[in-house]
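Each of the next two complexes has chain A plus one other chain: chain B in the first, chain C in the second.
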Partner chain A sequence: MKKLLNYAYYPGCSLHASAGEYDLSTRELFKALKIGLTEVPDWFCCGATPAHNVDELLSLSLCAKNLELAEKVEGDLAVACAACFSRLKFTQHTLEENATKRKQVEKAIDAPVKLDGKVKHLLEILAGDLGLERLAASVNKPLAGLKVACYYGCLLTRPTDVPNLDCTEAPTIMERVIEAVGAETVAWSHRLECCGANFTLSRPGVVIQLTNAILDSAKAAGADCIMVGCPLCHGNLDIRQKEIEGVYKTNYNLPVFYLTQLVGLSVGLGSGKLGLDAMIVSPMPLLKEKGLL
Partner chain B sequence: MDARVKKKKMILSQGTMDVDFVRKVEALSDTSVRRCFQCGKCSAGCPMATFMEHPPNRVVRLLQLGQWRRILEGRSIWYCASCETCSTRCPNKVHLASIMDALRKLSWDAEGPSKESYVQLANKLFLQNIRSYGRQYEMRLAAVFNVKSGQFLKDLSLGPKLLAKGKLKMFHSKNRNLSEIGKIFTRIEEMRKNGEAL
Partner chain C sequence: MSRIGVFICHCGENISRTVDVERVAAQVGNMPGVAFATDYKYMCSDPGQTLLKKTIQEQKLSHVVVAACSPRMHEKTFRKAVESAGLNPFLCEMANIREHCSWVHENREEATVKAIEIVGMMVERVKKNRVLPAITVPVTKRSLVIGGGIAGIQAALDIADCGHEVILVEREPSIGGHMAQLSETFPTLDCSQCIMTPKMVDVANHPKIKLYTFSEIELVEGYIGNFQVTIKKKARSVDEDTCTGCGVCMTKCPQKKIPNKFDQNIGMRTAIYVPFPQAVPNTPVIDRDNCTWFKSGKCGVCQKVCGPGAVDFEQQDRLIVEAVGAIVVATGFDLYTIDEKPKGSPIKGYGEFGHGKIPDVIDGMTFERLASASGPTGGRILRPSDGKEPKQIVFIQCIGSRAREKGISYCSKVCCMYTAKHTMLYHHKVHDGQAYVFFMDARTPGKSYDEFWRRSIEEEEAVYIRGMVSRLYQKGDKIVVMGSDIAVGVQVEIEADMVVLATAVMPQKGADTLAQKLGISYDKYHFYSEAHAKLRPVECATAGIYLAGACQGPKDIPETVSQASAAAAKVMTLFSKDKMEREPIVARVREAGCVGCFACKKVCAYGAVEEKEIRDRQGNLIKVVAYVNPGVCGGCGTCQATCPSKSVELDGYTDEQIVAMIEAL
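And now, the complex of A and B:
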């Protein structure tokens, strides 16, 4: 059957390692929705936070190279990881505005920079290109009764003028997507706060403090689970959750889903195709209780 | 940073105000520190301000006064999480997150006087991995970090759990087009040597 939409796909390093279930569920969901995804051949690491932290020129060059590689595949560039998404959008924005940096990057990659290709986060594809009505029409198993705390973190929306995904201070795109497939969302205070991101390697104490505040806020709002669109946020909220519970002598037991896992569940994909068993905080008791598995 | 440095008396004179350094920061970050009127919104929203000896608005104030050494000696710039909240909320469009990038780069080039070595080590290993493999090799990143930082037992209990869930890969293949990334690194190094880039 002919695909309605086709995209070049940039998974990013995490999706090939610690966030394998995000990659798996993205591919399976897109297949179920009849959206074409072709992985960009031989893509490189975008440099993430460490590159722009100490060497902006390197960060811009790595992303410009990836944008060049993506040109070879038909369709807009679909990005799953919030950090890769942010870096690629930053590169387009900076090189558009700053001719000196553009010249330097062209010299570094030894090729002209092309900025007309569109870079889209999965959320934009679901909410915009596919559209919420078509998404809702694909639902086989509405997520009725599931209370979801949508966690944006930093890089999906900030700063103003760069990702242009949604409003920077009061975004609703995640809520719109997940409500379209039947779930309930909760209003909570920490959906845009930072989880400590890559300090998870160098200064885990920082992550434990910041992530605890996020889990605490989601729990207080009555959420059953958290939904994210970033592998680093996921790592901090899910992998470190037990440790945080120990430090703060509390019990959250909040499964942390990737958006593609929850949407995938609603279109009728099973646990094996969504990588639910890879989650550290098991979602099985919750999903069984709600009759979703 | 210890209290001694923090309380060190600040003497403002032509001798202590290094404006050239500030111009470099402004060029790298494409933003002007002179636009800041110290409203403090950046520090109010900063999730990391509590870990810094100079909160973000003070970093800008110190730059305005040419007192960059005070910033680089401390750990504030290495405790910035790049969450972009400051840049988003600044009423004067001071792109503070980019200023932090510029400061870290200049400190990094000077093999920074900061005592905050863990974050710098993590960054260094991350970049080395890109050059050697093309993509990030998370298992190696964590293992080498623990060895080099002397924290052999850090997060050790997480290891088996992550391996069992398939979240840590023992082996990692290199990109087929790895030489292309090596060339990007070398070209940038050459441009810097020839004074074509900061």
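And now, the complex of A and C:
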């Protein structure tokens, strides 16, 4: 019998705020899959986009300190948010390559930097550590007939050579995971395009345009819903969907799920444990139609 | 007592910037055995060499050390100068104080001390150098040319026209290579077939050229002037001497839907086929993987219809050994494909272009076949997916090339020009169509090249957009091209009917395996390495092997032809003498000490060690010892390091000399 999996868990700020359902569904899913998840004690913000735009040393130091905290928990570090994942991986990469920056960061956090701990996105844990076969074996309610458009956004696979999650330009990890639990996936053009990210606050017009192209492409490919692994992408696609439909005089009605919500459904978790009621575009009619609720 | 002369070169400032050359000369001048030491700005120049010759005579020097660059650079130069002054050339040695000292150090004091030590070591070594007589070896005046594209054809014709026999080996069933696939050629737009096929016929008819098509190099043995090459002639299943080339077999073959590689797999061929109508030789070959007879033992129609009875299903691969004196390697190039690449390959492919899964995204060579009058569409530009004429066509340059993140950092050199040509061919054939080109830079250095490129914009109405494409995707029957126009700073989206990718020029697949058989070196991309980038561009570091065409790096036709003729000239230089002189730095066996264990024979990479019987005057065998054939010995010294009884030594690198060098430190 293989040793049970256990991870340190870094939820990141979004999962304690606007993306509460991502946090909830992650914890519930891991519990159902019997994977240990221990929240890193005293974790704090990774700095996200603002920090590295303003001060590289600050951004690196915030992540390095979090990585140091994570060392205190047994197991690799599990990360749900694509931005946190990107920043933590970037920090590891930069400090490995650049001895000068490493020294500066060590001075700033007043601790030696250790880079041997592995940072893993939830997708890597499901597809790699747990494995697709074992994941498939945990399925109680296959997502048969559900056509999913897997949306990667920018940060999960880019830039080349940093996150090393999957192929930069033609990744398949999301499709592999969701197909393992019985769903169908659609081939579509915009799965790697940018949603506009945090320009949603400063330049909403741009974001509406970009997000519309994504929704349009998913709909045209015949998708019933979209699956994401990033709280910001989720916000733009889900919260702004009604507004976009108004601007472009169209009707998408595409529920936007976190990957943990869909996988959670397949292992038999109910709406309450997956936070489905928190979604702006309600998935209930779709899930009822497909017999999944 | 030796009278050694030491000459310290400044190499302009290359050495003197870091090494105090005057101090080196002064200090070395006091070493025992040194009769004369001086420094000079450029020892390799004419006045430098004159100084060397004059001093040898005036000072009655017995040995010479030139402290300058690497011996790989100028050892020959200085040994020649020494010889012309009346001294045996092998009494001259070089001390490398440039690559091994001044170029790699910054501290002048330390570099100077090191230079003195390097020179001191060479002084001790040269003292024990022997007078070596030149070794002469016979030259087989036949040459092997590997590859029957334009490079190999040109080299073969040039050598054969000088009266020397040429063995031309081509892997494919026909000669012609990539040039035979092209439609028109830049910068004059003359038809490639029209200028290529006559040369192919010349090759076939030349009395001095022996052509092996559908053949590969199996093994190469020997050395300059005396190579033995084993060629594998693959079974064609059609007897070349009997076949008349009538083509009835091909019209009757029931397998008609096999993608033809010559047409970039958009045209179809039969299982018994010639790759294209103008093929040389015009003898079909049976593709055994797709032939009904070879798959199921039934059919055999081609054999039944063949009048002369040339079809031979029983034919086997044959091995042929040929003796040649020189080898020209002209194996050409292959194109990058954007498909998903196997794990571990340095080449990454283009996921953002769908890894080659969008049918109307083609490469430049496929466009050539579409545009070619003898191509699968008879020269009409039609989409592979539905046969419609594309009205909006997008060309994207630098696919793979200059894209370090995709595994290649070099420029493929020909794509800017052929893309400009493609826009013209397109404009000539589709009058109401519009061509767009995404490019990084237009690189057009060549006679009449820039004018040609300007013409594609100014007269042929191609729209050039400076910027690259981030993604291609299929939308209905269109391909959406998302790119940037960096001149204006905006994002561009074009709905194209067809996209043509100028994919990178890469070496032929298997270039590394062939190089290993030949014993020549190659770079990380597997392009073959020339002996010197500037001064010996067509020679390999391995003597007697020459390079022509794109196997050495991306090249266009004029450049390939020039290089092929240059390689032929080098072969002719070698063939101009009946015997050639070899450097006599070879191993010698001390027969008295040799116990005949032949450990040396096992390690010799050149196969130079033979067994020699020693007999007394009555003819009784006393013992068997090792003998090093001086004509074959490569002078590597492995035998010397291996010999347990220290009975074999390499001239110029004896144990005694190496110990003397160490003691000088």
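In the analysis below, the second predicted complex is superposed on the first by the 290 of 293 C-alpha atoms of A that agree within 3 Å, B and C clash if a C-alpha of one lies under 4 Å from a C-alpha of the other, contacts with A are read in each partner's own complex, and residues count from 1 in each chain.
Note that in this section a residue touches a chain if its C-beta (ideal position, glycine included) is under 8 Å from a C-beta of that chain, and two chains touch if they have at least 3 such contacts.
Just so you know, these numbers come straight off a predicted model, no measurement behind them.
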Partner chain in contact with A:291 - chain B first, chain C second, else both or neither: neither
Partner chain in contact with A:170 - chain B first, chain C second, else both or neither: second
Partner chain in contact with A:198 - chain B first, chain C second, else both or neither: first
First (chain B), second (chain C), both or neither touched by A:189: second
Contacts of A:42 with chain B and chain C, given as first, second, both or neither: first
Winner by number of chain A residues touched, once chain B and chain C are compared: B
Touched partner set for A:160, first chain B, second chain C, both or neither: both
Chain B and chain C contact sites that coincide on chain A, given as residue numbers: 160, 168-169, 193
Interface residues, chain B side, partner chain A - complex: 28, 30, 47-48, 51, 79, 81-85, 87-88, 95, 97-98, 101-102, 104-105, 108, 118-123, 126-127, 129-130, 134-139, 141-142, 145, 154-155, 158, 161-162, 165-169, 175-177, 180-181, 183-185, 187-188, 191, 196-198
For the chain C and chain A complex, residues of the former touching the latter: 340, 348, 350-352, 354-355, 405, 471, 473-475, 480
Chain A to chain B touching residues, read off their complex: 13-14, 16-20, 42-45, 47-58, 61-62, 65, 94, 97-98, 101, 104, 107-110, 154-155, 158-160, 168-169, 193-194, 196-199, 201-204, 206, 210, 239, 243, 277-280
Residues on chain A engaged by chain C in the complex (per definition of touch): 160-161, 167-171, 189-190, 192-193, 220
